[in-house]
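One chain, chain A, appears in both complexes that follow, with chain B as partner in the first and chain C in the second.
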Partner chain A sequence: MTNPIFWVGVLTLAAIYASLAMALNVESGWGGMWDLGIAGLLAAGSYCYVILTADPDLGMRFAPGLSMWVAWPLSALFTGLVAFAIGAPALRLRREYFLITTLAFAEIIRQLVVIQADLTRGTLGVPNINRPFDSFVTGRDYNYVLLGIAVAAAAVMYLVTRQIGISPFGRTLRAARDNEAVALALGKRVNRMRIKTFVLAGVLIGATAPVYLFYIRAVSPQLFAPGITFTVWTALVIGGLGSIRGGLAGAFVLIVFTEAVGLIEVDPSHINILVAIEPFMVGLLLVLVLRFRPDGLFSERSAFGAGNRPAGRSAGDSRPAGAAQGSGG
Partner chain B sequence: MKRVLVALLAVGLVAAAACSGDSGDAAEEGPVKYGFLNGQSGDYGPWGHWALAAAEVAVEELNAGGGVLGRSVELVVEDNGSTPEGAVSGFAELTEVDGIHALGGIESDGMIAIFDTVHELQIPTICSTCGTTELDNTGGDMVFRIIPSDTDNGIVGAQVARDEGYRNVAMLVELSEGTESPANVFKAVFTEQMGGSVTADVRFNAGETTYAAQVAQAFESGPDAVYIAAGFETGVPLLNEWQRRGYSDIPLILTTDLLSPEIAEIISGVEGASAIVGATAYDTENNPAWDAYVPRFEAKIGDPPEIAFYDAWQYDQYIILGLATAKAGTTDGAAVAAAIPEIANPPGVEVFSYAQGLAELEAGNDIDYHGTTSNMNLNSVGNLLSPVMAVIHVQDGDWAVRENIELDPTLVKPS
Partner chain C sequence: MELVLDTVRKTFGGVVAVDDVSAVMPQDRVTALIGPNGAGKTTLFNAITGFDPPDRGSISFGDQRIDGLPPWRVAELGLIRTFQTPVGFTTLTVRESLLAAATPHFAETPLGALGLSRKARDHERASGDRAEEISAELGMADLLDVRTDELSAGDRKLLEFARSLMAEPKMLLLDEPAAAVAPANIGRLSQLVRRLCDERGLGSLIIDHNLSFLMQIADEVHVLDRGALLASGPPAEIAANPDVMRVYLGEDGAKDSEA
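== the complex of A and B ==
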């Protein structure tokens, strides 16, 4: 039987990706901003955390040696600032233009990390990331601590994003996504709202970054290749773009499934076949989910109750009719 | 919402309950398991096939020699996708699911990611492809490196440039850890310790559509030679550009990753072109270990070993692990790790194979394993102590050792 420690690690990684997917859902699922720059924002948060907490002996130009508890929120705020710097120009664009721009910004951030070697140690990266409570719990047992941190972070992310989703701000966001003209006609400041959302998603991704580093235990620019963005997107699509719990469910399904496929035993000389099968199986999972549940495991409709009640039926529900139909726009 | 929170709580409880499960400690019965954690896909994918074949040749040799501690040896392979994240999850699978006793095959960035965990779990690890300077001053108790560091490669590159009489060198460097590390050392040693001049230092990303501008910038800067540090996948389009633009009168100094057959073919197809490599440890002349390895590797894969694919080092690491386990008389991680320098360093009878080493150990003699590419003498931090380096050039359309040299002791690692 598989050692439980292995699955503890898998669930930890799943919880981290769940946090990222839920953050992505705020801007992309509800805000309609299809962001391919997740890896860049994660890199910004990660490097901010690493620089602020780095051992001065590593020779980095700026290493104030802050406590991780101080550096953690600062990383979230810094990532929000980076998101603002990206969003201010990029949000003038729509659809595929916005998508390509965010992908480019992510790569720019990665290259900045490489080039600013005296600040970030460039391609060499930073090893030995400090982790909370590791002086109290060591060795294999620390995996349980890390799982607790990742699950707690995912739970907080769920509560925060759920609150955003059901708030008037969230409803307006979805309304603007579905029909921007109507939202503007109703006096909503759509552009400002989108920038706020993009920055908010940045803060949430930045808050997740240290947890990701606790898992990896080292940071280097290679960590933030576009693959991480596509994994987060795949998790969100499987779980259900626009639903409250889609990112959460999708990440757990995707990561657990991927690792389970990796457990298939093959003769070493056939490892290349298994290596080829893994992405194929993930792709197959995605196709099957989209074939039988086109809205993902949890649909936006089920998340916000539309379809169960007549549109515009309840007092105090300011959501425009059809906003929750997930029609896109 | 409550249901989701309950589900999350359940995950935590299940995990906590699992605390009482198997500790994951490797067993002292059944096969001896050596992990092979390597990029079979992703950036290191092109090397993966060669690396795995060499590891299999080594494990076949261990089993042909009666196994280790009288037990068969099993190679447990895990793809890390060439990413630190893949290294972390792959290492977890190898240790917690497969119960490996020792590890090999890992690359620099993955090694850095699992470095602390390797020590916590006491898994002896040999890094056969880690050039990273990060390991220059750390390791030696659980982590060992049997390939010269990027520092050594950078220094020997500068040494070769000096010995060839080059005073002005342009640099073309791919932006990655494995290429920038030796290039930065080369530049520092060449300019600060030899008084040489770098006429252009051009850095570029892998996967660019064209390298025309970068090649022109370097070759038009008036250099005596051009130092190129790049992965071989980038090297092919880069050198195609060099070929098209007719810069064959300017010699090339290449890093080890560029010693692929494709690049040898490009260079040999250009009349008057010369390329040398201030290369890595490749002491293959009159070396019984090398002579025995080559035909078995060729039989396995259908091609001869290639320097750029680092296959020989992948082989050596498992012979070392087998001998160290035999010396320790146990698969206990700390004991095996302690035995690695003992079987790799003098004093002792010099041995060139597992069977030879095992026979000497069983006779109660100390041994000093000499690998396929170099002596394997390790210093206190688990790095090669004094590898014999090779200057390699293109001869008859393929790479060949021109001469073996030793690192100039007057050249020091830049601060």
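== the complex of A and C ==
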């Protein structure tokens, strides 16, 4: 078998994807806003962090050289602002148009990063991302520190999103997702609530961005191609859209599975076949999970009220009849 | 306080769905709105509640003009409607649906969710008690933990009503609340509607095709025919009105409760 450091890396990546999937679940699972712009928000948070912390010697036009502990929360807030700028217009659109619009915005952000080269170093990218504690722990041992950071971030994300899910706020989100007209008829400010939720998801994704950078160590625009959005979505769907633990479980299953496929030993001349087979295997995993657990590993149903309770009376209404009144006109 | 309609008109292409309707509905009375299928009753509800604003005319509630306001704003003013087709919050349980209806705005923000203020918790607990009370009164206490999409059509109809009671209404607008509801529960429903009005001054405007149900509880009846108001008056007077009889029997006869 491969060495433990490899698996430490895999688990770190899984924890990062788990954080992203749980953040996505808040807006898409409970909020019903199917967001295909995760990559864009992640890019916004990442570049904010990189620019704020970059070594001034790299020659970027704006490089305040802030401490990472200051830059980290600022990146989260900045990503929230970007989410607001995207969400305010996009949330006026119906679901399928919203989906395309968020995807387009993500690509626009990526192109902006390329074009604004004097600010971002464009396609050159920025090497040697500042990482916490790397002056104390060096070499291979740092991988364990990184795993600790990623797992702690995922744990915080779990607690935060779980609290949102079980709160009255989360309940109203699900209600408005299920039936917008009824929510409006009850006085819910559906649009305002959705924008807030979209911004919240942006903040959560922005807060995860630096952890992703600690893992990648260098940033460049091609990191934020749409592929990452689809990986996060796949993780969430496998784990269970709308559940509480789904994003967490789905990301670990998906990432460990994907990395394990990469480990299959083949003759070097066949390595390109293995690479080609990877997405196919991911697709197969998705199909298998959805075939046997259509709601994902954890379902929304098991997460909330109606878990294992008996089903309701069937149509026909077999209630014992009391004083019958008012039968017709 | 009253709900006042002044020459309200709504057309869909060439169809005049609501034809210059003027009426005054006291907020603390039970008012019935009847008329054959397609008379424009639901369209009028949509106009009042901001879902489909009128082409012209004005609508006010108390001293506030409400035509042109968004639905959530009309609801905030206390006009709470139900829907003719009871879909509801499909994946929420009955209890969750009732609680969601009662959740105040201050608890409906991300920070509200994280902080969970004491005020919000007290509100939540009080709402929980009220949800149990209301569902018991409607004979659906045993359904509290059943998902909405697993309820029978009649129970979903009752849920529409129960949910609107949770939203601190000043006046209810009920679109065919008795349709598909089991006879025993229609009895509970009429008693509750009447009692809310008599004891708490919570009036309602009720559309239904079940005339015996309506005639028992209504203080006043308005009859809509092809968009226009045909007659208004106390139930006994309406029942004796030959024009009303003609509209009901002339079309395709009186509608039964399952319409």
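Rule of thumb we're sticking to: the second predicted complex is superposed on the first by the 306 of 329 C-alpha atoms of A that agree within 3 Å, B and C clash if a C-alpha of one lies under 4 Å from a C-alpha of the other, contacts with A are read in each partner's own complex, and residues count from 1 in each chain.
Operating definition for what follows: contacts are C-beta pairs under 8 Å (C-beta built on N, C-alpha and C of every residue); 3 or more make two chains touch, one makes a residue touch a chain.
Predicted model, so just to flag it, every value in this text is computed and none were measured.
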{"item": "Touching partner for A:Arg189 - first (chain B), second (chain C), both, neither", "value": "second"}
{"item": "Touched partner set for A:Val275, first chain B, second chain C, both or neither", "value": "first"}
{"item": "Which superposed partner A:Leu200 touches (first chain B, second chain C, both, neither)", "value": "second"}
{"item": "Touching partner for A:Pro4 - first (chain B), second (chain C), both, neither", "value": "first"}
{"item": "Set of chain A residues, in rising order, touched by both chain B and chain C", "value": "none"}
{"item": "Residue ranges of chain C touching chain A (in the complex, touch as defined)", "value": "49, 51, 70-73, 75-76, 80-83, 87-93, 95-97, 99-101, 103, 105, 107-110, 112-114, 116, 120, 124, 139, 143, 145-148, 150-155, 163-164, 167, 178, 182-188, 190, 209-213, 216, 248, 254-257"}
{"item": "Chain A partner contacts - residues on chain B that touch it in the complex", "value": "1, 4-5, 8, 11-12, 15-16, 18-19, 21-24, 36, 40-41, 43, 48-49, 52, 55-56, 75-79, 83-85, 88-90, 92-93, 96-97, 99, 109, 112-117, 120-121, 132-134, 175-177, 180-181, 205"}
{"item": "Sites on chain A touched by chain B in the complex", "value": "1-11, 13, 15, 111, 114, 122-125, 127-128, 138-141, 144, 147-148, 151, 154-155, 158-159, 162, 215-218, 220, 222-223, 225, 227-228, 245, 248, 259, 262-263, 268-269, 271-272, 274-275, 278"}
{"item": "Touch list for chain A against partner chain C, complex", "value": "160, 163-164, 167-172, 174-175, 178-179, 181-190, 193, 196-197, 200, 242, 300-301, 304-306, 309-317, 319-329"}
